[in-house]
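Okay, so here's the structure we're looking at.
Every chain is named by a letter (A, B, C, D, E and F) in the order it is written, and numbering of its residues begins at 1.
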Amino acid sequence: MPFVNIKITNDGVTSEKKAELIAGVTKLLQQVLGKNPATTVVIIDEVSTDNWGIGGEQVTARRKRGV
Amino acid sequence: MPFVNIKITNDGVTSEKKAELIAGVTKLLQQVLGKNPATTVVIIDEVSTDNWGIGGEQVTARRKRGV
Amino acid sequence: MPFVNIKITNDGVTSEKKAELIAGVTKLLQQVLGKNPATTVVIIDEVSTDNWGIGGEQVTARRKRGV
Amino acid sequence: MPFVNIKITNDGVTSEKKAELIAGVTKLLQQVLGKNPATTVVIIDEVSTDNWGIGGEQVTARRKRGV
Amino acid sequence: MPFVNIKITNDGVTSEKKAELIAGVTKLLQQVLGKNPATTVVIIDEVSTDNWGIGGEQVTARRKRGV
Amino acid sequence: MPFVNIKITNDGVTSEKKAELIAGVTKLLQQVLGKNPATTVVIIDEVSTDNWGIGGEQVTARRKRGV
(Lines give C-alpha, C1' and ligand atoms only; values in the text may rest on other atoms or scores of the structure.)
Protein backbone atom coordinates (compact mmCIF):
# COMPACT_ATOMS: atom_id res chain seq x y z
CA MET A 1 0.00 0.00 0.00
CA PRO A 2 2.92 2.42 -0.04
CA PHE A 3 2.74 5.53 -2.20
CA VAL A 4 5.93 6.81 -3.83
CA ASN A 5 6.37 10.06 -5.71
CA ILE A 6 9.58 10.52 -7.71
CA LYS A 7 10.41 13.96 -9.09
CA ILE A 8 13.09 14.21 -11.77
CA THR A 9 14.07 16.83 -14.32
CA ASN A 10 12.35 16.61 -17.68
CA ASP A 11 15.21 15.16 -19.73
CA GLY A 12 13.44 12.82 -22.12
CA VAL A 13 13.51 9.75 -19.88
CA THR A 14 12.23 6.82 -21.93
CA SER A 15 9.16 4.81 -21.05
CA GLU A 16 11.45 1.79 -20.51
CA LYS A 17 13.50 3.65 -17.91
CA LYS A 18 10.31 4.73 -16.13
CA ALA A 19 9.16 1.09 -16.10
CA GLU A 20 12.50 0.12 -14.51
CA LEU A 21 12.13 2.79 -11.84
CA ILE A 22 8.58 1.68 -11.02
CA ALA A 23 9.56 -1.99 -10.84
CA GLY A 24 12.68 -1.23 -8.81
CA VAL A 25 11.02 0.93 -6.16
CA THR A 26 8.16 -1.52 -5.78
CA LYS A 27 10.59 -4.41 -5.30
CA LEU A 28 12.64 -2.40 -2.79
CA LEU A 29 9.57 -1.76 -0.64
CA GLN A 30 8.77 -5.45 -0.72
CA GLN A 31 12.30 -6.48 0.22
CA VAL A 32 12.91 -3.91 2.96
CA LEU A 33 9.44 -3.60 4.53
CA GLY A 34 7.52 -6.62 3.23
CA LYS A 35 5.01 -4.36 1.45
CA ASN A 36 2.57 -5.98 -0.99
CA PRO A 37 3.66 -5.02 -4.52
CA ALA A 38 0.09 -5.36 -5.82
CA THR A 39 -1.01 -2.21 -3.98
CA THR A 40 2.20 -0.16 -4.21
CA VAL A 41 1.64 3.01 -6.23
CA VAL A 42 4.46 4.99 -7.87
CA ILE A 43 4.02 8.35 -9.60
CA ILE A 44 6.84 10.00 -11.55
CA ASP A 45 6.75 13.78 -12.06
CA GLU A 46 8.98 15.25 -14.76
CA VAL A 47 9.82 18.87 -14.01
CA SER A 48 11.18 21.50 -16.41
CA THR A 49 14.72 22.63 -15.53
CA ASP A 50 13.36 26.21 -15.46
CA ASN A 51 11.05 25.15 -12.61
CA TRP A 52 13.66 23.30 -10.54
CA GLY A 53 16.03 25.27 -8.36
CA ILE A 54 18.98 24.24 -6.25
CA GLY A 55 21.49 26.52 -4.60
CA GLY A 56 19.12 29.43 -5.25
CA GLU A 57 19.44 28.98 -9.01
CA GLN A 58 17.50 27.30 -11.84
CA VAL A 59 18.90 23.99 -13.06
CA THR A 60 18.76 25.50 -16.57
CA ALA A 61 21.23 28.19 -15.50
CA ARG A 62 23.46 25.74 -13.66
CA ARG A 63 23.76 23.52 -16.70
CA LYS A 64 24.68 26.51 -18.89
CA ARG A 65 27.45 27.27 -16.40
CA GLY A 66 28.54 23.63 -16.56
CA VAL A 67 27.73 22.91 -12.91
CA MET B 1 -9.11 26.17 4.52
CA PRO B 2 -8.51 22.55 3.55
CA PHE B 3 -6.18 21.75 0.69
CA VAL B 4 -6.97 18.76 -1.52
CA ASN B 5 -4.79 17.28 -4.23
CA ILE B 6 -6.35 14.73 -6.57
CA LYS B 7 -4.08 12.72 -8.87
CA ILE B 8 -5.70 10.86 -11.76
CA THR B 9 -4.44 9.34 -14.99
CA ASN B 10 -4.38 11.64 -17.99
CA ASP B 11 -7.40 10.27 -19.87
CA GLY B 12 -8.94 13.39 -21.37
CA VAL B 13 -11.16 14.28 -18.44
CA THR B 14 -13.39 17.17 -19.52
CA SER B 15 -13.40 20.54 -17.86
CA GLU B 16 -17.00 19.87 -16.77
CA LYS B 17 -15.98 16.68 -14.95
CA LYS B 18 -13.17 18.56 -13.23
CA ALA B 19 -15.65 21.20 -12.13
CA GLU B 20 -17.86 18.46 -10.68
CA LEU B 21 -14.93 16.98 -8.75
CA ILE B 22 -13.95 20.38 -7.34
CA ALA B 23 -17.51 21.19 -6.31
CA GLY B 24 -18.05 17.71 -4.85
CA VAL B 25 -14.92 17.58 -2.73
CA THR B 26 -15.49 21.09 -1.43
CA LYS B 27 -19.07 20.23 -0.44
CA LEU B 28 -17.94 17.01 1.23
CA LEU B 29 -15.48 18.88 3.44
CA GLN B 30 -18.20 21.31 4.39
CA GLN B 31 -20.68 18.54 5.23
CA VAL B 32 -18.31 16.25 7.12
CA LEU B 33 -16.05 18.75 8.88
CA GLY B 34 -17.86 22.07 8.61
CA LYS B 35 -15.04 23.58 6.55
CA ASN B 36 -15.63 26.93 4.88
CA PRO B 37 -15.99 26.31 1.14
CA ALA B 38 -14.74 29.81 0.32
CA THR B 39 -11.19 28.91 1.36
CA THR B 40 -11.10 25.25 0.30
CA VAL B 41 -8.49 24.71 -2.41
CA VAL B 42 -8.51 21.72 -4.78
CA ILE B 43 -5.76 20.91 -7.28
CA ILE B 44 -6.12 18.15 -9.86
CA ASP B 45 -2.97 16.58 -11.33
CA GLU B 46 -3.31 14.56 -14.52
CA VAL B 47 -0.52 12.01 -14.83
CA SER B 48 0.59 10.12 -17.95
CA THR B 49 -0.06 6.36 -17.73
CA ASP B 50 3.66 5.87 -18.46
CA ASN B 51 4.44 7.76 -15.24
CA TRP B 52 1.96 5.91 -13.01
CA GLY B 53 2.82 2.50 -11.67
CA ILE B 54 0.86 -0.02 -9.65
CA GLY B 55 1.82 -3.59 -8.92
CA GLY B 56 5.35 -2.75 -10.08
CA GLU B 57 4.14 -2.02 -13.59
CA GLN B 58 3.18 1.02 -15.67
CA VAL B 59 -0.54 1.60 -16.12
CA THR B 60 0.18 1.77 -19.88
CA ALA B 61 1.42 -1.83 -19.78
CA ARG B 62 -1.45 -3.01 -17.59
CA ARG B 63 -4.02 -1.59 -19.96
CA LYS B 64 -2.35 -3.31 -22.94
CA ARG B 65 -2.64 -6.56 -21.02
CA GLY B 66 -6.29 -5.78 -20.33
CA VAL B 67 -5.84 -5.54 -16.55
CA MET C 1 -6.49 4.16 -9.03
CA PRO C 2 -6.80 7.82 -8.09
CA PHE C 3 -4.69 9.19 -5.27
CA VAL C 4 -6.14 11.90 -3.05
CA ASN C 5 -4.34 13.88 -0.36
CA ILE C 6 -6.42 15.98 2.01
CA LYS C 7 -4.69 18.47 4.27
CA ILE C 8 -6.64 19.89 7.20
CA THR C 9 -5.74 21.67 10.40
CA ASN C 10 -5.07 19.46 13.40
CA ASP C 11 -8.30 20.06 15.33
CA GLY C 12 -9.01 16.65 16.86
CA VAL C 13 -11.00 15.25 13.95
CA THR C 14 -12.44 11.92 15.06
CA SER C 15 -11.65 8.62 13.37
CA GLU C 16 -15.33 8.41 12.35
CA LYS C 17 -15.14 11.74 10.53
CA LYS C 18 -11.98 10.60 8.76
CA ALA C 19 -13.76 7.41 7.70
CA GLU C 20 -16.60 9.55 6.30
CA LEU C 21 -14.16 11.69 4.33
CA ILE C 22 -12.40 8.64 2.89
CA ALA C 23 -15.68 6.97 1.91
CA GLY C 24 -17.07 10.21 0.48
CA VAL C 25 -14.11 11.10 -1.71
CA THR C 26 -13.83 7.53 -2.99
CA LYS C 27 -17.53 7.50 -3.92
CA LEU C 28 -17.25 10.90 -5.60
CA LEU C 29 -14.44 9.68 -7.86
CA GLN C 30 -16.52 6.65 -8.77
CA GLN C 31 -19.60 8.73 -9.56
CA VAL C 32 -17.90 11.53 -11.48
CA LEU C 33 -15.12 9.66 -13.29
CA GLY C 34 -16.06 5.99 -13.01
CA LYS C 35 -12.92 5.23 -11.00
CA ASN C 36 -12.65 1.83 -9.31
CA PRO C 37 -13.08 2.36 -5.55
CA ALA C 38 -10.99 -0.73 -4.76
CA THR C 39 -7.80 1.02 -5.86
CA THR C 40 -8.58 4.59 -4.80
CA VAL C 41 -6.14 5.76 -2.13
CA VAL C 42 -6.86 8.66 0.24
CA ILE C 43 -4.34 10.11 2.69
CA ILE C 44 -5.32 12.72 5.28
CA ASP C 45 -2.61 15.01 6.70
CA GLU C 46 -3.38 16.89 9.90
CA VAL C 47 -1.30 20.05 10.17
CA SER C 48 -0.62 22.16 13.27
CA THR C 49 -2.17 25.63 13.08
CA ASP C 50 1.33 27.02 13.73
CA ASN C 51 2.48 25.39 10.49
CA TRP C 52 -0.41 26.56 8.32
CA GLY C 53 -0.41 30.07 6.96
CA ILE C 54 -2.96 32.02 5.00
CA GLY C 55 -2.91 35.73 4.25
CA GLY C 56 0.73 35.78 5.35
CA GLU C 57 -0.20 34.79 8.88
CA GLN C 58 -0.36 31.60 10.97
CA VAL C 59 -3.82 30.13 11.48
CA THR C 60 -3.02 30.15 15.21
CA ALA C 61 -2.70 33.94 15.11
CA ARG C 62 -5.80 34.39 12.97
CA ARG C 63 -7.90 32.39 15.38
CA LYS C 64 -6.64 34.46 18.32
CA ARG C 65 -7.74 37.55 16.43
CA GLY C 66 -11.11 35.89 15.79
CA VAL C 67 -10.69 35.77 12.01
CA MET D 1 18.44 20.98 2.88
CA PRO D 2 14.91 22.36 2.83
CA PHE D 3 12.55 21.34 0.07
CA VAL D 4 10.02 23.87 -1.19
CA ASN D 5 7.17 23.24 -3.61
CA ILE D 6 5.36 26.26 -5.04
CA LYS D 7 2.13 25.72 -6.94
CA ILE D 8 0.82 28.59 -9.08
CA THR D 9 -1.68 28.90 -11.89
CA ASN D 10 -0.31 28.42 -15.38
CA ASP D 11 -0.30 32.06 -16.53
CA GLY D 12 2.84 32.25 -18.64
CA VAL D 13 5.24 33.14 -15.85
CA THR D 14 8.59 33.95 -17.42
CA SER D 15 11.77 32.04 -16.70
CA GLU D 16 13.19 35.23 -15.14
CA LYS D 17 10.31 35.43 -12.65
CA LYS D 18 10.80 31.77 -11.77
CA ALA D 19 14.49 32.45 -11.18
CA GLU D 20 13.53 35.33 -8.85
CA LEU D 21 11.17 33.07 -6.90
CA ILE D 22 13.81 30.36 -6.53
CA ALA D 23 16.46 32.84 -5.41
CA GLY D 24 14.04 34.60 -3.04
CA VAL D 25 12.76 31.50 -1.26
CA THR D 26 16.26 30.10 -0.89
CA LYS D 27 17.49 33.38 0.62
CA LEU D 28 14.50 33.53 2.98
CA LEU D 29 15.26 30.06 4.36
CA GLN D 30 18.86 31.10 4.90
CA GLN D 31 17.90 34.33 6.66
CA VAL D 32 15.13 32.96 8.87
CA LEU D 33 16.43 29.47 9.69
CA GLY D 34 20.10 29.57 8.72
CA LYS D 35 19.59 26.87 6.08
CA ASN D 36 22.41 26.18 3.65
CA PRO D 37 21.39 27.58 0.24
CA ALA D 38 23.59 25.03 -1.57
CA THR D 39 21.24 22.18 -0.66
CA THR D 40 17.91 24.03 -0.75
CA VAL D 41 15.65 22.61 -3.46
CA VAL D 42 12.70 24.52 -4.96
CA ILE D 43 10.19 23.05 -7.41
CA ILE D 44 7.56 25.19 -9.12
CA ASP D 45 4.38 23.50 -10.41
CA GLU D 46 2.27 25.41 -12.93
CA VAL D 47 -1.34 24.27 -12.81
CA SER D 48 -4.06 24.83 -15.43
CA THR D 49 -6.88 27.08 -14.18
CA ASP D 50 -9.28 24.25 -15.11
CA ASN D 51 -7.50 22.04 -12.58
CA TRP D 52 -7.41 24.56 -9.73
CA GLY D 53 -10.49 25.08 -7.62
CA ILE D 54 -11.29 27.52 -4.84
CA GLY D 55 -14.66 28.16 -3.28
CA GLY D 56 -15.92 24.98 -4.97
CA GLU D 57 -15.34 26.44 -8.41
CA GLN D 58 -12.65 26.31 -11.12
CA VAL D 59 -10.38 29.34 -11.34
CA THR D 60 -11.28 29.45 -15.06
CA ALA D 61 -14.93 30.02 -14.15
CA ARG D 62 -14.12 32.56 -11.46
CA ARG D 63 -12.05 34.63 -13.85
CA LYS D 64 -14.87 34.61 -16.41
CA ARG D 65 -17.14 35.96 -13.70
CA GLY D 66 -14.53 38.58 -12.88
CA VAL D 67 -13.84 37.29 -9.37
CA MET E 1 18.97 15.93 -7.88
CA PRO E 2 15.89 13.73 -7.79
CA PHE E 3 13.40 14.15 -4.99
CA VAL E 4 11.58 11.09 -3.68
CA ASN E 5 8.70 11.00 -1.21
CA ILE E 6 7.72 7.64 0.25
CA LYS E 7 4.48 7.38 2.21
CA ILE E 8 3.95 4.29 4.36
CA THR E 9 1.64 3.38 7.22
CA ASN E 10 2.91 4.18 10.69
CA ASP E 11 3.85 0.66 11.85
CA GLY E 12 6.97 1.25 13.89
CA VAL E 13 9.46 0.97 11.05
CA THR E 14 12.94 1.01 12.56
CA SER E 15 15.54 3.63 11.79
CA GLU E 16 17.66 0.87 10.18
CA LYS E 17 14.88 -0.03 7.76
CA LYS E 18 14.44 3.64 6.88
CA ALA E 19 18.19 3.86 6.21
CA GLU E 20 17.90 0.85 3.89
CA LEU E 21 15.03 2.46 1.99
CA ILE E 22 16.92 5.73 1.58
CA ALA E 23 20.08 3.96 0.39
CA GLY E 24 18.13 1.66 -1.92
CA VAL E 25 16.09 4.35 -3.67
CA THR E 26 19.14 6.56 -4.10
CA LYS E 27 21.10 3.68 -5.65
CA LEU E 28 18.19 2.79 -7.95
CA LEU E 29 18.08 6.33 -9.33
CA GLN E 30 21.80 6.20 -9.94
CA GLN E 31 21.63 2.84 -11.71
CA VAL E 32 18.56 3.50 -13.84
CA LEU E 33 18.96 7.19 -14.67
CA GLY E 34 22.55 8.00 -13.79
CA LYS E 35 21.45 10.50 -11.12
CA ASN E 36 24.07 11.86 -8.74
CA PRO E 37 23.48 10.27 -5.31
CA ALA E 38 25.03 13.26 -3.53
CA THR E 39 22.03 15.46 -4.38
CA THR E 40 19.26 12.86 -4.26
CA VAL E 41 16.77 13.68 -1.50
CA VAL E 42 14.40 11.12 0.03
CA ILE E 43 11.65 11.94 2.53
CA ILE E 44 9.65 9.23 4.29
CA ASP E 45 6.20 10.08 5.65
CA GLU E 46 4.64 7.72 8.19
CA VAL E 47 0.86 7.96 8.15
CA SER E 48 -1.60 6.74 10.79
CA THR E 49 -3.80 3.88 9.59
CA ASP E 50 -6.81 6.04 10.57
CA ASN E 51 -5.66 8.62 8.01
CA TRP E 52 -5.00 6.18 5.15
CA GLY E 53 -7.90 4.92 3.09
CA ILE E 54 -8.12 2.37 0.33
CA GLY E 55 -11.26 0.90 -1.16
CA GLY E 56 -13.24 3.68 0.55
CA GLU E 57 -12.24 2.41 3.98
CA GLN E 58 -9.63 3.21 6.64
CA VAL E 59 -6.68 0.82 6.81
CA THR E 60 -7.47 0.51 10.53
CA ALA E 61 -10.87 -0.94 9.69
CA ARG E 62 -9.51 -3.22 6.98
CA ARG E 63 -6.95 -4.70 9.33
CA LYS E 64 -9.66 -5.38 11.95
CA ARG E 65 -11.57 -7.24 9.27
CA GLY E 66 -8.40 -9.16 8.40
CA VAL E 67 -8.14 -7.74 4.87
CA MET F 1 -3.99 31.77 -4.64
CA PRO F 2 -0.55 30.15 -4.65
CA PHE F 3 0.07 27.11 -2.49
CA VAL F 4 3.49 26.64 -0.93
CA ASN F 5 4.76 23.59 0.95
CA ILE F 6 8.01 23.94 2.87
CA LYS F 7 9.68 20.80 4.23
CA ILE F 8 12.38 21.22 6.85
CA THR F 9 14.02 18.94 9.37
CA ASN F 10 12.37 18.74 12.77
CA ASP F 11 14.81 20.84 14.78
CA GLY F 12 12.57 22.69 17.20
CA VAL F 13 11.85 25.67 14.98
CA THR F 14 9.94 28.21 17.05
CA SER F 15 6.46 29.40 16.22
CA GLU F 16 7.92 32.89 15.66
CA LYS F 17 10.32 31.57 13.02
CA LYS F 18 7.47 29.76 11.30
CA ALA F 19 5.46 32.99 11.28
CA GLU F 20 8.43 34.76 9.65
CA LEU F 21 8.67 32.07 6.96
CA ILE F 22 4.94 32.27 6.22
CA ALA F 23 5.01 36.07 6.04
CA GLY F 24 8.17 36.08 3.94
CA VAL F 25 7.04 33.57 1.32
CA THR F 26 3.66 35.25 1.00
CA LYS F 27 5.32 38.65 0.49
CA LEU F 28 7.74 37.20 -2.07
CA LEU F 29 4.89 35.82 -4.18
CA GLN F 30 3.19 39.19 -4.05
CA GLN F 31 6.35 41.07 -5.06
CA VAL F 32 7.53 38.73 -7.82
CA LEU F 33 4.23 37.57 -9.31
CA GLY F 34 1.64 40.03 -7.98
CA LYS F 35 -0.21 37.24 -6.16
CA ASN F 36 -2.92 38.21 -3.70
CA PRO F 37 -1.58 37.55 -0.17
CA ALA F 38 -5.10 37.00 1.20
CA THR F 39 -5.42 33.69 -0.63
CA THR F 40 -1.80 32.49 -0.47
CA VAL F 41 -1.54 29.28 1.56
CA VAL F 42 1.71 28.05 3.15
CA ILE F 43 2.13 24.69 4.88
CA ILE F 44 5.29 23.78 6.76
CA ASP F 45 6.15 20.11 7.27
CA GLU F 46 8.71 19.22 9.93
CA VAL F 47 10.39 15.91 9.15
CA SER F 48 12.40 13.69 11.52
CA THR F 49 16.08 13.47 10.58
CA ASP F 50 15.63 9.66 10.52
CA ASN F 51 13.08 10.12 7.72
CA TRP F 52 15.13 12.53 5.62
CA GLY F 53 17.86 11.21 3.38
CA ILE F 54 20.43 12.92 1.24
CA GLY F 55 23.40 11.33 -0.46
CA GLY F 56 21.82 7.94 0.23
CA GLU F 57 22.08 8.45 3.97
CA GLN F 58 19.85 9.61 6.83
CA VAL F 59 20.43 13.16 8.03
CA THR F 60 20.72 11.66 11.54
CA ALA F 61 23.76 9.66 10.42
CA ARG F 62 25.30 12.57 8.54
CA ARG F 63 25.09 14.80 11.57
CA LYS F 64 26.74 12.14 13.74
CA ARG F 65 29.58 12.07 11.23
CA GLY F 66 29.75 15.87 11.37
CA VAL F 67 28.70 16.35 7.74
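Just so we're on the same page, a contact is a pair of C-beta atoms (placed from the backbone, for glycine too) under 8 Å apart; a residue touches a chain by one contact, two chains touch by 3 or more.
In this text, all values refer to a predicted model and were calculated from it rather than measured experimentally.
Following the contact convention of this document, C, D is the list of chains adjacent to both chain E and chain F. Within the list C-E, D-E or D-F, E-F finds its counterpart interface, over half of the contact pairs alike by residue number, in C-E. Taking the mean of the C-alpha atoms as each chain's centre, chain A and chain D sit 20 Å apart. Distance from the chain A centre to the chain C centre is 26 Å, each centre being the mean of its Cα atoms. Shown for chain E are the residues in touch with two or more other chains, namely 1, 3, 7, 21, 25, 39, 41, 43, 52, 54. Residues of chain A that touch chain B in their complex: 15, 18-19, 22-23, 25-27, 37-46. Partner chain F is touched in their complex by these residues of chain C: 7, 47, 50-58, 60-61. For chain F in complex with chain D, the residues that touch the partner chain are 1-9, 13, 17, 20-21, 24-25, 28-29, 31-33, 35, 39, 52, 54, 59.
Within the complex formed with chain E, the residues of chain D that make contact are 1, 3, 39, 41, 43.
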